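A, B, C and D are the chain letters, set down in written order, and residue numbers restart from 1 in every chain.
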Amino acid sequence: MEITDTINVVPEELKSYIERIEKLELEKKEMQDHVRDVYAEAADKGFDPKIMKEVIKLRKMENDDREEQEMLLDTYQRALGMKDHCE
Amino acid sequence: MEITDTINVVPEELKSYIERIEKLELEKKEMQDHVRDVYAEAADKGFDPKIMKEVIKLRKMENDDREEQEMLLDTYQRALGMKDHCE
Amino acid sequence: MEITDTINVVPEELKSYIERIEKLELEKKEMQDHVRDVYAEAADKGFDPKIMKEVIKLRKMENDDREEQEMLLDTYQRALGMKDHCE
Amino acid sequence: MEITDTINVVPEELKSYIERIEKLELEKKEMQDHVRDVYAEAADKGFDPKIMKEVIKLRKMENDDREEQEMLLDTYQRALGMKDHCE
(Lines give C-alpha, C1' and ligand atoms only; values in the text may rest on other atoms or scores of the structure.)
Protein backbone atom coordinates (compact mmCIF):
# COMPACT_ATOMS: atom_id res chain seq x y z
CA MET A 1 0.00 0.00 0.00
CA GLU A 2 1.59 3.30 -1.14
CA ILE A 3 1.86 6.04 1.55
CA THR A 4 0.01 8.28 -0.80
CA ASP A 5 -3.26 6.29 -0.45
CA THR A 6 -3.36 6.78 3.32
CA ILE A 7 -2.81 10.60 3.52
CA ASN A 8 -2.71 11.50 -0.15
CA VAL A 9 0.83 12.85 -0.12
CA VAL A 10 2.07 12.93 -3.70
CA PRO A 11 5.86 12.48 -3.22
CA GLU A 12 6.89 14.33 -6.39
CA GLU A 13 4.70 17.28 -5.51
CA LEU A 14 6.04 17.51 -1.93
CA LYS A 15 9.60 17.10 -3.20
CA SER A 16 9.19 19.95 -5.68
CA TYR A 17 7.90 22.36 -3.03
CA ILE A 18 10.65 21.34 -0.58
CA GLU A 19 13.38 21.75 -3.20
CA ARG A 20 12.06 25.13 -4.38
CA ILE A 21 12.10 26.38 -0.77
CA GLU A 22 15.56 24.96 -0.10
CA LYS A 23 16.89 26.71 -3.23
CA LEU A 24 15.35 30.04 -2.19
CA GLU A 25 16.64 29.67 1.38
CA LEU A 26 20.12 29.07 -0.01
CA GLU A 27 19.94 32.20 -2.17
CA LYS A 28 18.65 34.15 0.83
CA LYS A 29 21.60 32.91 2.90
CA GLU A 30 24.03 33.99 0.17
CA MET A 31 22.36 37.41 0.17
CA GLN A 32 22.75 37.58 3.96
CA ASP A 33 26.43 36.64 3.67
CA HIS A 34 26.85 39.35 1.04
CA VAL A 35 25.28 41.95 3.40
CA ARG A 36 27.68 40.83 6.14
CA ASP A 37 30.61 41.21 3.71
CA VAL A 38 29.60 44.78 2.82
CA TYR A 39 29.42 45.70 6.51
CA ALA A 40 32.87 44.13 7.00
CA GLU A 41 34.25 46.11 4.04
CA ALA A 42 32.79 49.33 5.48
CA ALA A 43 34.22 48.51 8.91
CA ASP A 44 37.67 48.09 7.33
CA LYS A 45 37.30 51.63 6.05
CA GLY A 46 36.54 52.91 9.55
CA PHE A 47 32.74 52.98 9.42
CA ASP A 48 30.77 51.63 12.40
CA PRO A 49 28.38 48.80 11.32
CA LYS A 50 26.18 49.26 14.40
CA ILE A 51 25.61 52.94 13.56
CA MET A 52 25.14 52.07 9.87
CA LYS A 53 22.37 49.65 10.85
CA GLU A 54 20.72 52.34 12.97
CA VAL A 55 20.91 54.83 10.07
CA ILE A 56 19.39 52.26 7.68
CA LYS A 57 16.52 51.81 10.15
CA LEU A 58 16.05 55.59 10.35
CA ARG A 59 16.10 55.94 6.55
CA LYS A 60 13.02 53.73 6.39
CA MET A 61 11.08 56.28 8.45
CA GLU A 62 9.27 59.41 7.26
CA ASN A 63 11.24 62.56 8.09
CA ASP A 64 8.56 63.85 10.45
CA ASP A 65 8.37 60.55 12.32
CA ARG A 66 12.12 60.41 12.56
CA GLU A 67 12.35 63.96 13.92
CA GLU A 68 9.55 63.35 16.41
CA GLN A 69 11.23 60.15 17.59
CA GLU A 70 14.55 61.94 18.04
CA MET A 71 12.92 64.80 19.92
CA LEU A 72 11.02 62.41 22.22
CA LEU A 73 14.17 60.37 22.87
CA ASP A 74 15.97 63.57 23.75
CA THR A 75 13.14 64.71 26.04
CA TYR A 76 12.95 61.38 27.86
CA GLN A 77 16.73 61.37 28.38
CA ARG A 78 16.62 64.86 29.87
CA ALA A 79 13.67 63.92 32.09
CA LEU A 80 15.75 60.99 33.40
CA GLY A 81 18.85 63.14 33.91
CA MET A 82 20.76 61.35 31.17
CA LYS A 83 21.43 64.72 29.53
CA ASP A 84 21.81 68.23 30.90
CA HIS A 85 18.76 70.38 30.22
CA CYS A 86 20.83 73.08 28.48
CA GLU A 87 22.75 70.65 26.18
CA MET B 1 11.17 76.49 31.06
CA GLU B 2 10.75 72.97 32.45
CA ILE B 3 10.77 70.14 29.84
CA THR B 4 7.50 69.02 31.26
CA ASP B 5 5.69 72.13 29.97
CA THR B 6 6.63 71.41 26.37
CA ILE B 7 5.64 67.72 26.11
CA ASN B 8 4.18 67.14 29.54
CA VAL B 9 6.69 64.47 30.55
CA VAL B 10 6.55 64.14 34.32
CA PRO B 11 10.12 63.00 35.10
CA GLU B 12 9.22 61.11 38.31
CA GLU B 13 6.45 59.24 36.53
CA LEU B 14 8.66 58.25 33.60
CA LYS B 15 11.46 57.25 35.97
CA SER B 16 9.16 55.00 37.98
CA TYR B 17 7.95 53.15 34.87
CA ILE B 18 11.49 52.80 33.55
CA GLU B 19 12.83 51.51 36.86
CA ARG B 20 9.94 49.03 37.31
CA ILE B 21 10.65 47.62 33.82
CA GLU B 22 14.40 47.47 34.42
CA LYS B 23 13.81 45.55 37.67
CA LEU B 24 11.49 43.07 35.96
CA GLU B 25 13.91 42.64 33.03
CA LEU B 26 16.68 41.89 35.52
CA GLU B 27 14.55 39.27 37.28
CA LYS B 28 13.65 37.79 33.88
CA LYS B 29 17.34 37.59 32.97
CA GLU B 30 18.09 35.82 36.27
CA MET B 31 15.28 33.38 35.48
CA GLN B 32 16.79 32.79 32.02
CA ASP B 33 20.21 32.18 33.56
CA HIS B 34 18.62 29.73 35.99
CA VAL B 35 17.00 27.82 33.07
CA ARG B 36 20.40 27.68 31.36
CA ASP B 37 21.95 26.32 34.57
CA VAL B 38 19.37 23.53 34.85
CA TYR B 39 20.04 22.50 31.24
CA ALA B 40 23.78 22.50 32.01
CA GLU B 41 23.17 20.37 35.11
CA ALA B 42 21.11 17.90 33.06
CA ALA B 43 23.79 17.83 30.35
CA ASP B 44 26.38 16.94 32.98
CA LYS B 45 24.22 13.93 33.83
CA GLY B 46 24.19 12.84 30.20
CA PHE B 47 20.87 14.32 29.07
CA ASP B 48 20.71 16.13 25.71
CA PRO B 49 19.47 19.75 26.14
CA LYS B 50 18.41 19.99 22.48
CA ILE B 51 16.16 16.93 22.85
CA MET B 52 14.91 18.17 26.22
CA LYS B 53 13.84 21.45 24.56
CA GLU B 54 12.03 19.49 21.85
CA VAL B 55 10.25 17.36 24.47
CA ILE B 56 9.20 20.49 26.41
CA LYS B 57 7.74 21.89 23.17
CA LEU B 58 5.87 18.61 22.57
CA ARG B 59 4.54 18.56 26.15
CA LYS B 60 2.75 21.83 25.44
CA MET B 61 0.73 20.13 22.69
CA GLU B 62 -2.48 18.10 23.02
CA ASN B 63 -1.80 14.37 22.65
CA ASP B 64 -3.84 14.13 19.47
CA ASP B 65 -2.06 17.08 17.87
CA ARG B 66 1.30 15.65 18.88
CA GLU B 67 0.48 12.25 17.43
CA GLU B 68 -0.84 13.74 14.20
CA GLN B 69 2.28 15.90 13.85
CA GLU B 70 4.53 12.89 14.39
CA MET B 71 2.58 10.80 11.89
CA LEU B 72 2.67 13.59 9.26
CA LEU B 73 6.40 14.12 9.82
CA ASP B 74 6.94 10.42 9.36
CA THR B 75 4.80 10.34 6.20
CA TYR B 76 6.58 13.33 4.65
CA GLN B 77 9.98 11.78 5.39
CA ARG B 78 8.95 8.53 3.71
CA ALA B 79 7.54 10.42 0.73
CA LEU B 80 10.94 12.14 0.37
CA GLY B 81 12.87 8.91 0.74
CA MET B 82 14.33 9.97 4.07
CA LYS B 83 13.01 6.75 5.61
CA ASP B 84 12.35 3.27 4.21
CA HIS B 85 8.63 2.62 3.71
CA CYS B 86 8.75 -0.51 5.85
CA GLU B 87 10.68 1.08 8.80
CA MET C 1 13.17 -4.55 29.33
CA GLU C 2 13.11 -1.12 30.96
CA ILE C 3 14.06 1.80 28.66
CA THR C 4 16.63 2.77 31.18
CA ASP C 5 18.81 -0.27 30.40
CA THR C 6 19.12 0.61 26.73
CA ILE C 7 20.19 4.29 26.96
CA ASN C 8 20.36 4.69 30.74
CA VAL C 9 17.64 7.34 30.92
CA VAL C 10 16.42 7.48 34.50
CA PRO C 11 12.78 8.62 34.05
CA GLU C 12 12.49 10.33 37.46
CA GLU C 13 15.68 12.26 36.90
CA LEU C 14 14.65 13.43 33.42
CA LYS C 15 11.19 14.31 34.70
CA SER C 16 12.62 16.43 37.52
CA TYR C 17 14.81 18.44 35.14
CA ILE C 18 11.97 18.90 32.66
CA GLU C 19 9.54 20.03 35.36
CA ARG C 20 12.05 22.44 36.92
CA ILE C 21 12.61 24.04 33.50
CA GLU C 22 8.88 24.20 32.75
CA LYS C 23 8.27 25.93 36.10
CA LEU C 24 11.02 28.47 35.45
CA GLU C 25 9.79 29.10 31.89
CA LEU C 26 6.31 29.74 33.29
CA GLU C 27 7.66 32.24 35.82
CA LYS C 28 9.69 33.89 33.05
CA LYS C 29 6.56 34.18 30.92
CA GLU C 30 4.67 35.77 33.84
CA MET C 31 7.55 38.24 34.22
CA GLN C 32 7.35 39.02 30.49
CA ASP C 33 3.59 39.58 30.75
CA HIS C 34 4.20 41.88 33.72
CA VAL C 35 6.73 43.92 31.67
CA ARG C 36 4.16 44.19 28.89
CA ASP C 37 1.55 45.39 31.41
CA VAL C 38 3.85 48.13 32.73
CA TYR C 39 4.48 49.36 29.17
CA ALA C 40 0.70 49.35 28.57
CA GLU C 41 0.15 51.31 31.81
CA ALA C 42 2.78 53.87 30.75
CA ALA C 43 1.24 54.11 27.27
CA ASP C 44 -2.13 54.87 28.88
CA LYS C 45 -0.43 57.79 30.60
CA GLY C 46 0.85 59.10 27.26
CA PHE C 47 4.38 57.66 27.30
CA ASP C 48 5.72 56.02 24.11
CA PRO C 49 6.78 52.38 24.76
CA LYS C 50 9.07 52.33 21.71
CA ILE C 51 11.00 55.34 23.01
CA MET C 52 11.01 53.90 26.54
CA LYS C 53 12.62 50.72 25.18
CA GLU C 54 15.25 52.80 23.39
CA VAL C 55 15.97 54.77 26.58
CA ILE C 56 16.29 51.53 28.59
CA LYS C 57 18.84 50.29 26.01
CA LEU C 58 20.75 53.57 26.28
CA ARG C 59 20.72 53.44 30.09
CA LYS C 60 22.69 50.18 29.89
CA MET C 61 25.52 52.01 28.12
CA GLU C 62 28.39 53.98 29.66
CA ASN C 63 27.85 57.74 29.28
CA ASP C 64 30.88 58.13 27.02
CA ASP C 65 29.80 55.29 24.75
CA ARG C 66 26.30 56.68 24.59
CA GLU C 67 27.53 60.16 23.70
CA GLU C 68 29.93 58.82 21.06
CA GLN C 69 27.15 56.72 19.54
CA GLU C 70 24.81 59.71 19.40
CA MET C 71 27.50 61.91 17.86
CA LEU C 72 28.35 59.27 15.22
CA LEU C 73 24.68 58.75 14.41
CA ASP C 74 24.30 62.47 13.99
CA THR C 75 27.41 62.70 11.79
CA TYR C 76 26.32 59.82 9.55
CA GLN C 77 22.86 61.36 9.13
CA ARG C 78 24.37 64.69 8.11
CA ALA C 79 26.76 62.95 5.70
CA LEU C 80 23.75 61.29 4.09
CA GLY C 81 21.76 64.51 3.95
CA MET C 82 19.22 63.29 6.50
CA LYS C 83 19.88 66.39 8.56
CA ASP C 84 20.94 69.95 7.68
CA HIS C 85 24.59 70.61 8.55
CA CYS C 86 23.70 73.64 10.66
CA GLU C 87 20.92 71.91 12.70
CA MET D 1 33.55 73.40 8.32
CA GLU D 2 32.78 70.20 6.46
CA ILE D 3 31.68 67.23 8.65
CA THR D 4 34.32 65.15 7.03
CA ASP D 5 37.16 67.18 8.61
CA THR D 6 35.99 66.39 12.12
CA ILE D 7 35.47 62.59 11.92
CA ASN D 8 36.68 61.86 8.39
CA VAL D 9 33.35 60.54 7.14
CA VAL D 10 33.45 60.64 3.35
CA PRO D 11 29.75 61.10 2.50
CA GLU D 12 29.93 59.43 -0.93
CA GLU D 13 31.69 56.41 0.51
CA LEU D 14 29.19 56.00 3.36
CA LYS D 15 26.29 56.51 0.95
CA SER D 16 27.57 53.81 -1.38
CA TYR D 17 27.88 51.25 1.44
CA ILE D 18 24.44 52.15 2.81
CA GLU D 19 22.79 51.93 -0.63
CA ARG D 20 24.48 48.60 -1.44
CA ILE D 21 23.18 47.14 1.84
CA GLU D 22 19.70 48.57 1.33
CA LYS D 23 19.57 46.99 -2.16
CA LEU D 24 20.68 43.60 -0.83
CA GLU D 25 18.22 43.79 2.08
CA LEU D 26 15.43 44.51 -0.40
CA GLU D 27 16.40 41.51 -2.53
CA LYS D 28 16.57 39.37 0.62
CA LYS D 29 13.08 40.51 1.58
CA GLU D 30 11.77 39.62 -1.89
CA MET D 31 13.37 36.18 -1.49
CA GLN D 32 11.67 35.81 1.90
CA ASP D 33 8.31 36.80 0.39
CA HIS D 34 8.88 34.24 -2.36
CA VAL D 35 9.54 31.51 0.25
CA ARG D 36 6.33 32.49 2.01
CA ASP D 37 4.43 32.27 -1.28
CA VAL D 38 5.72 28.74 -1.98
CA TYR D 39 4.61 27.63 1.48
CA ALA D 40 1.20 29.20 0.83
CA GLU D 41 0.98 27.40 -2.53
CA ALA D 42 1.86 24.08 -0.86
CA ALA D 43 -0.69 24.74 1.89
CA ASP D 44 -3.35 25.29 -0.76
CA LYS D 45 -2.53 21.81 -2.02
CA GLY D 46 -3.05 20.34 1.45
CA PHE D 47 0.56 20.23 2.65
CA ASP D 48 1.34 21.41 6.20
CA PRO D 49 3.94 24.26 6.19
CA LYS D 50 4.92 23.60 9.81
CA ILE D 51 5.77 19.98 9.00
CA MET D 52 7.51 21.03 5.78
CA LYS D 53 9.74 23.37 7.80
CA GLU D 54 10.57 20.56 10.20
CA VAL D 55 11.41 18.23 7.30
CA ILE D 56 13.65 20.91 5.73
CA LYS D 57 15.49 21.19 9.07
CA LEU D 58 15.89 17.41 9.22
CA ARG D 59 17.16 17.26 5.62
CA LYS D 60 20.09 19.45 6.68
CA MET D 61 21.20 16.76 9.15
CA GLU D 62 23.36 13.71 8.50
CA ASN D 63 21.25 10.53 8.42
CA ASP D 64 22.94 9.11 11.49
CA ASP D 65 22.44 12.29 13.49
CA ARG D 66 18.83 12.46 12.40
CA GLU D 67 18.18 8.85 13.40
CA GLU D 68 19.91 9.29 16.76
CA GLN D 69 17.90 12.44 17.45
CA GLU D 70 14.64 10.66 16.59
CA MET D 71 15.54 7.68 18.76
CA LEU D 72 16.48 9.92 21.72
CA LEU D 73 13.29 11.95 21.33
CA ASP D 74 11.33 8.73 21.34
CA THR D 75 13.17 7.43 24.41
CA TYR D 76 12.68 10.65 26.37
CA GLN D 77 8.97 10.68 25.54
CA ARG D 78 8.58 7.11 26.76
CA ALA D 79 10.53 7.90 29.93
CA LEU D 80 8.09 10.76 30.57
CA GLY D 81 5.04 8.62 29.83
CA MET D 82 4.22 10.60 26.69
CA LYS D 83 4.20 7.33 24.76
CA ASP D 84 3.38 3.73 25.70
CA HIS D 85 6.51 1.62 26.03
CA CYS D 86 5.22 -0.92 23.51
CA GLU D 87 4.22 1.64 20.83
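What we mean here is this: a residue touches a chain if its C-beta (ideal position, glycine included) is under 8 Å from a C-beta of that chain, and two chains touch if they have at least 3 such contacts.
Source: prediction; values computed, not measured.
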{"item": "Fewest touching-chain hops separating subunit B from subunit D", "value": "1"}
{"item": "Furthest chain, CA centroid comparison against subunit B", "value": "A"}
{"item": "Centre-of-Cα separation between subunit D and subunit A, whole angstrom", "value": "13"}
{"item": "Geometric centre distance via CA averages, subunit C-subunit A, whole Å", "value": "17"}
{"item": "Centre-of-Cα separation between subunit B and subunit A, whole angstrom", "value": "21"}
{"item": "For subunit C, residues contacting two or more additional chains", "value": "9, 14, 18, 52, 55, 59, 72, 76, 80"}
{"item": "Graph class of chain-chain contacts, one of line, ring, star, complete, other", "value": "complete"}
{"item": "Footprint of subunit A on subunit D - complex, ascending", "value": "8-9, 13-14, 17-18, 20-22, 24-25, 27-28, 31-32, 34-35, 38-39, 41-42, 45-47, 52, 55-56, 59"}
{"item": "Subunit C-facing residues of subunit D, complex", "value": "3-4, 6-7, 9-11, 14-15, 18, 72, 75-76, 78-81, 85"}
{"item": "Residues on subunit A engaged by subunit C in the complex (per definition of touch)", "value": "48, 50-52, 54-55, 58-59, 66, 69, 72-73, 76-77, 80, 82"}
